[in-house]
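Right after this note come the structures.
What follows is chain A paired twice: with chain B in the first complex and chain C in the second.
Now for the complex of A and B:
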């Protein structure tokens, strides 16, 4: 009993330490986003804003108005929403086919998807950027096709895991009830996949929302800037950095994804572990 | 409701395994047909072929004079109750039952009437808003039945619908299904491995083994007139005892010999054995445990040591060693029986069955003697 309490104490202390480590950069950025530009320096980074150094929402206003934050927010939203929607729709259908139609080709397809998860992005990025230019994928409205390709591996892998735990009889019952294959998918399978949909959606959304490298390589930086690209843009030229506006932008960029995560977090664990144990 | 006709149906899987071999069956309108047999005998595969969930490798399937081989399951107008119920987990009980009708774009009022009618029959009215996960096994089973009833299909298919229920609920639901058949007058094809379900529910039972029909008949005939050793052993619990004997015919006297012990058969069986020329041939003598009696008669009796006794309430199942075999008898629980003691059992020769040891096919059943006499008099 006492041993258990000591053990639990250590675990809790460890977890508190970890959460402090995770939270500290965010707190650091949050504090400094309310300071005036001249008060942001390495030596005073952890100081709370004083009457002299408190900037109010000036940095946020500058980030939103002067630096076209809303335009970048629009591009980031468009890219994230279209990509996640495409990934969820196409990969769930693909996983349904792989798990329900038994053939050696489908097995091979499944392993190819799984393999795509371990291919480093750097290996394909240069050929990708020229292909994207050639196929007119170099704008926020078409880039989802590239994200679909890169996000499919993990999504198919997770959907297949969950799909195997759905009894085939449910789909057969829907066929007997009069469903066409598409109706079976959209009216029966799709709603049952909800927990995995949410977890795959959040994981993919977090990655796409925060992605810097792919849009930088593919998009025309002068025309289209996503939020991570905009934040980098604050560094400006000749080493000048607009620290206050940059901090404010980072906080603003974190908010939507934190919100999405908080809403859907209970489904993440459900989705990730689904199919692992017999329900 | 409809007639179902299966003509020389076969199911051969790509690996060459023949799950169903030359299966032919005519199912009449309003019949309650049971497919029964051990695991892997092909009964569920046959049912799935009727449903359209499995392709036929050979043969033809007709429902109401319409060839169904290439018709999609959704167009066959068949409802199926699955072993696991297969309810849609994200839908309420009402939506589960209404789903098929909604797909047909039927008027909402008519759907509601149909669902309420089925819910009324199955006592589901108070559960209509619940999700399947909030229901007990028995309730889920009733919802699965309700989903089938709402559609008013030509044929009901049921794949071991009671096997996931506990023993008490199973008995209760069994009588519910029986009442449902009486009420709906539907054509039902029911798969089970439980012979009690088969005997109590079916108007006709199809006994299957290794993909073949071993016998199809009424429950009474299957019990009293099994056509072969398999059916004789499969139908009836505890199963029939088989004693391998040698038939000796000597000037119109017929004896069945086993380890030096002889059994004298009735005149009807005697006639059948003489006609079939079974002299010095091996004949299997089958006798049900309930036809073995504890009686002080020396003729046609067997003696052995009791090895197991199981009190079942009204009766006691006694297993005794008889040479290298084990013989089971059902005796009154009032009989005083001691383990390891010798027991003498009398074989009621008016209820024995004789089988050809080579073909395992029935030669004659002692119970047919009366019919034979009546037939001759007529």
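Now for the complex of A and C:
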């Protein structure tokens, strides 16, 4: 017993050390975001701010005013919210139809959706961005159509996996009672899907929020920058890299994610697990 | 019920199908055609047959990125899964504070690849400067291990969660039966837990393997292929072929590379699924 206790003590000590190491990279950026521009370099990265090098919130002010961080936050939010809403609504309807109506076409469609999950983005990136230009989908308010198309694979796959496990009888009873398929779907099936909705929503939101290459190719970078595009723009743009504002932008971009994560932690971890196990 | 539903076919599948055609099927088919063409925009394509594919496999940079991606994928998949599995074993011992550790280990997974890349670039360059080694832009070895370290930091938590879910699904009865039969800790791990977890391994290896091959954002932000394209992975090499090489031939070659890349990823994913699915046992 005592041996076990000592062993557990060592394990906990090890886990605490690992947790500190896990948080360290972010803490390092946080520290640097409060230093003045000239004090952020590779040779001084680990130094704490001193009286001379402490910048206060100047870097944050610069990130928000000069680099328009809030505008990027707005575009990222709009794109993520519209895309996830569209994906949840339309792909759940599509998945219900595919699982309830057995036909060759539906089977083919299902396999195409599954196939699209594996295909790397580079395969379609050039043609997709020219299609987006031609159809006027190249702005943050219409880009959800592209995300619906490209994100449909994962969503349909997960919804289908779940729907096969719910009994037909309830739906049949509701149709017998005179409900149309649309009424049956929205009043009977939709509420049952809630846990899967959470899983799909979280996985798709994580992907779309952090996506870099697709919006870079589809949107006009001079007009619309999502948060990942803004961070990359610090490096990609010509001239000197504004390290201070970049550090502050990194922290500002992590902040909302950490907040959402800490509030919805249980749902997020459960949702991600369910998604992975079914996928 | 099917009959009633069929009248509503287009209401139910119309929106998704339309977006799927615009966002995936059309670009995919067009991409296949363009891989056999010379073009600078989709409208001025002229058919050139398989010459793009030949130019693609003769491109030394492409071959180098292929080798680098394989070397990266092997190390990343092994390390992530072994460490994540050990973490999962440690966190299912009913210790105090398990939830806090789980929360912390999972968190990096929520941060995007671009942001992760820059965080680690600053950290790794700082360490390299401390020990007077060349920085990432000139240090191929550091680039390789830096990418692996970053990917581990990002994905271990995710895979750990999946292994934890698998471990807590193994019923106590089975473990008890094994103990009564006289199995020791290590025997239980190898003979009972791991075989029962095969479906978790299938999922985790599938996810880490496809993620490793498709890795782009982290690669772009951490090393951008430096030094001298040595740390350029397949996805980055293809994107650079499209967008940062002058000359009318390169877009066609890029599309041919993308087709080869696509075939590679699909074949690897299918092979892996088939190989590990066979080892799964029903509980």
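Here is the rule we use: the second predicted complex is superposed on the first by the 225 of 279 C-alpha atoms of A that agree within 3 Å, B and C clash if a C-alpha of one lies under 4 Å from a C-alpha of the other, contacts with A are read in each partner's own complex, and residues count from 1 in each chain.
We take it that a contact is a pair of C-beta atoms (placed from the backbone, for glycine too) under 8 Å apart; a residue touches a chain by one contact, two chains touch by 3 or more.
Every value quoted in this text rests on a predicted model; they were computed, and no experiment measured them.
Here chain B and chain C are compared by how many residues of chain A each touches, and C touches more.
Touch criterion not met for A:3: it reaches neither chain B nor chain C. Contact with neither chain B nor chain C is seen for A:136 once the two complexes are overlaid on the shared chain.
Contact with both chain B and chain C is seen for A:172 once the two complexes are overlaid on the shared chain.
Once the two complexes are laid over each other on the shared chain, residue contacts for A:183 go to chain B alone; chain C is not touched.
By the touch criterion defined above, A:149 reaches chain C but does not reach chain B. When the two complexes are overlaid on their common chain A, residue A:191 makes contact with chain B while staying clear of chain C.
The interface of chain A with chain B overlaps its interface with chain C at residues 172, 175, 180. Considering their complex, residues 8, 11-12, 15, 18-19, 22-26, 28-29, 32, 42-43, 45-46, 86, 90-91, 93-94, 96-98, 100-102, 109, 112-113, 115-116, 118-128, 130-131, 135, 137, 145-150, 152-153, 156, 168, 171-172, 175, 180-182, 185, 206, 209-213, 227-228, 231-232, 235, 246, 250, 253-254, 257-258, 261-262, 265, 268-269, 272-273, 276-277, 279 of chain A touch chain C. Contacts from chain A toward chain B in the complex involve residues 167, 169-170, 172-180, 183, 188, 191-192, 194. For chain B in complex with chain A, the residues that touch the partner chain are 51-53, 72-74, 78-80, 82-84, 86-90, 99-100, 103-104, 147, 151.
Across the complex, chain C meets chain A through its residues 1-2, 4-9, 11-13, 15-17, 19-28, 30-31, 34, 41-42, 90-91, 93, 95-97, 100-108, 110-115, 118-120, 122-123, 125-126, 128-130, 135, 153, 158, 161-162, 165, 199-200, 203-204, 207, 210, 213-214, 216-217, 220-221, 235, 238-239, 242, 251, 254-255, 257-259, 261-262, 265-266, 269.
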